[in-house]
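In this document, chain identifiers A, B, C and D correspond to the written order of the chains, with residue numbering beginning at 1 in each.
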């Protein structure tokens, strides 16, 4: 019984990381119709920046947090403004390709700017072990779960109550209507990119603390794809749930079946979900189908 | 001799909670030119999308020559004789004029992927035969001079004509023309009117028009079908519909909001 | 300088070439291809061979991405399947290489049906994701079924012997590759001018209009995917023979990105563009090391420690810059140049 | 280029391509050597260190006047651990740069893929990284493998642990590639000779980051001796996960990850983990002597990047240089190969003496079992 509990706990912990990045995918997709293939890489870069800050200010967690969130927002806005915005009138094919181009650049830049070695990222007591009724987890793993639930609550309230959030939904469904409501789609897009970067940055940093910081961190983005598809490409909160499901599934597969299968479990889920429920568990059943 | 070609019975289409087309019943007979009019947002283009298989109907039935289309997949409507043009140009803009019209011959050709890759035997014979047909259409529409141009580089009026040619190439029994003269000048409009009449008379193709240009509608239609908010207001001879109070109200009522200039002109003509 | 041509028969329209000049150029091109081994040796020849294999793969992807407008991020999966189909059938089962090549096309084609049927019902975005997924799944399967694939140990592949003729030297293997290259070019050109090619372009440019013209979107997207995977599989088999050793490690994910970059650089949807792009990108590392050696020793030392990263950076930059500034790629540049030349001195 | 030469080449088409004269790469003043290894990307950790070793050996002999008055120069090609680049780079080194001999063929998979080209060209090639049995069984005339197979290393490590921890429950986590497979074979061999009770065994996919479920199974099975068969990141993840779960099995790792960076990344939990190697630890006397030598010829930055791969690179290159020295007057491939075959074993102090024989292309190096010391970020042989 404890075995299952521990599997579930570690599944939820890693699933929360997937979930945060999956939410980032969904936020950008929902508000601009674009799938940002460089989202995992953006999370990785933010984690590296956080690491640089932490090693230069002796790990004061508040400075690290403020600095990296600030960087995440500026970084996202710069990418959006310089690279993405000019492409928005181009075919979707070109837009996707641009994000793929970005992902390759980011992956290379990490090694050029920092290095190719794995590092131990120690910020505050993120590495500390916490005993939760017999199940031991690292503080950062609790933090990432807390962050995910905070993000879910925040997103729910945002889309429900904030004028801007309602506008974002409007931009997603119909650009022209939104403009009539006095909302510029440009602003919505900027907000979406900034929010997505912060969420994936939080995921990247906390993952790096709980596991390790290395240039293959971007692979988290690959793990988050299945989560987004499972939850629904346009379902922000659904994607978060998708992440948790993928994380738990991986660990159950690894714990009861085999490790090899664990790594592709998410991808198998993608293929399966597309066969039975292509718009995801929580996505809107819309014109995706031909 | 009137013979039923296209029959719509109580056709309805809803998006979410909104009914875009509500219970439209409409016939197009052989040799007829029928116009659908109505202010913007009246559901005209949605109606065309239903008839041409772009969208499935929510309820009601559409049939052509007595065959119900309910179980026919959208891409097979053309085989039963439904051809159309689109409101906003829907040409394949990277292809030449000939390429575009050849796509209209697509369903009549049978070359398989393998034959096509080898370009041998049937593939080649078929290609030549259908090019011949395309050349006839090009002659008919008087667009020989732009035959090998990439359509993206052509003027709006020329593109409209190419699109008409592409629709003709599908060998339709009924041709749906969605605002074919929108944005054209007087001369171009008259050319198109002549083609429409020729298509009916020489090629024996019935025509269903969506049009805002009331002069064109009044001049060439056999019957006019007026829609508003997705519902039929009235149907009848052009003069009858023109003077129908519901039609006048539909146009005037929208004049200040989002009616296009043509609507205003039409409404002015009605008053 | 060329001016307009008049054509008297429809056959002239359908033919691939329309002037003696054009035919002469093709003749010269063929002669160059035949002469290459006399001019280049060991390294140069293998570089050209690699360019050709890459061009074949790029033409395959072009069918899917360039013509039909669908993105595949799983090119490596179909290359791996093609390479293994060839390696297993010829090396483990002793089948004749020609049959091996057929299998190298068919196996990826079948796999593409399995991936394509569920994902092609949806917008193009989904294919990008499912192909990405299949790249990982295929690698897993290859390692899992080690009885068949020899798992991580890989399979050695010999140069093929076809109808008793051994393509055992670099030059002979180059000719074999060139033969496949020419076949692929012809097949693609023929497809492009057929109803199939027109249907694919129609789907990319306007899918609603394509459907109204009687094109079954799902079926034709699947055709494109299958044809594309077939060609990519063949290129995978050739690549395996080129490496003389087939393992999943031989096909890193960067190849999929490289393939997309080739199309963008060459010019989406253009067969000549795919070839040009392949030549450009495969030659790029040579050019960069040349440029860096010009830039002095500090640049050179950067290259010697970071070549891999610089290459990745360049790929990414090239993709973004071409999409932004020259979306029609090198072919677009070429056509612009030609137009300017034809109309010179009065363009407007 | 000139076409007369082209026609001549055409006449030679029937011969295997790439045939070069046996003394290519040798001028009056210089001898060119070449190698391919990953210098960039994460595997660069291995390649760069190896490259330093080779350069150290060359600098040392050059400082003493070179070979027969000729200075040695190395051309290092980066393949980023991508097999097709390895092949291309080798073709360039052999065909364009026309080097005299090769000091490395990159990693094990890359070396396997290179074999046909190397054999065909006849160029003497040293293989000091990733020595897999197919590289030397059957022996190829011109391929010389230095070091120890993963299989034998694992075999010895397992035997040691079986003796040290009799009756313990074993857990084994291996990577799903040829590396993992070789380790698995080593354990199998040990199981035939000693009593090893394996209670849990699994393979993970390369690139895996989250080892929670694997380590839970380790915990659940009550594993007391854990073979962590990862390379770098994976071992770090496994040890940290064990720490998290509060289990303290004896953990054994393998030499590709026996670098200070791993210990640093794991943190204090790395103290006492086992390692195995055929190269002396840096902290040993021989290791310190080696560092001293390195400081003489390499820059400070470079010395900081020295690790076990520097030692293997240095030692295997020394063996090649000794053979070439023996041929100073007749510097040909045939002579160099013959000398490599007949020279007495070359001892560099940091690993077993390197020697080959007429039917032996594998210089078999004995292994040492070691344990990690977190404080000094190093490994020390057990029992010292």
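Assume a residue touches a chain if its C-beta (ideal position, glycine included) is under 8 Å from a C-beta of that chain, and two chains touch if they have at least 3 such contacts.
Which chain is which protein? Per UniProt: A, C = Branched-chain amino acid ABC transporter permease; B = ATP-binding cassette domain-containing protein; D = ABC transporter substrate-binding protein.
Note that the coordinates shown come from a computational prediction; the quantities given were computed from them, not determined experimentally.
Leaving out only chain C, the chains still linked to one another by touching are grouped as follows: A, D | B.
Seen from the C-alpha centroid of chain A, the farthest chain centroid is that of B. Note: centroid distance chain A to chain C, computed from Cα atoms, is 33 Å. Inter-chain spacing, taken between the CA centroids of chain A and chain D, is 38 Å.
The geometric centre of chain C is 36 Å away from that of chain D, both derived from CA atoms.
Shared interface positions of chain A, i.e. residues touching 2 or more other chains, are given as 111, 260, 263-264. Counting only residues that touch two or more partner chains, chain D has 40-41, 44, 176, 205.
Shown for chain B are the residues in touch with two or more other chains, of which there are none. Under the contact rule stated at the top, the pairs of chains that touch are A-C, A-D, B-C, C-D.
Within the complex, the chain C residues that touch chain A are 65, 69, 71, 73, 115, 118-126, 128-130, 132-134, 136-137, 140, 143-144, 207, 217-218, 254, 257, 260-261, 264, 268, 306, 308-313, 315-320, 323-324, 327. Note for the complex: chain C touches chain D at residues 35, 37-39, 41-47, 50, 140, 143, 151-154, 156, 169-172, 239, 242-245, 247, 249-250, 252, 254, 304-309, 311. Looking at the complex, you find that chain D touches chain A at residues 40-42, 44-45, 173, 176, 202-205, 207-210, 212-214, 216-217, 219-220, 232-233, 236-237, 240, 243-246, 261-262, 264-267.
If you check the complex, the residues on chain B that touch chain C are 52-54, 73-79, 83-84, 86, 90-95, 98-99, 102-107, 109, 111, 113, 115-119, 123-124, 126-128, 131-132, 135, 166, 170.
Residues of chain D that touch chain C in their complex: 1, 3, 6-7, 9-10, 13-18, 38-41, 44, 48, 76, 78, 80, 82-84, 87-88, 91-92, 94-96, 109, 112-113, 116-117, 176-181, 205.
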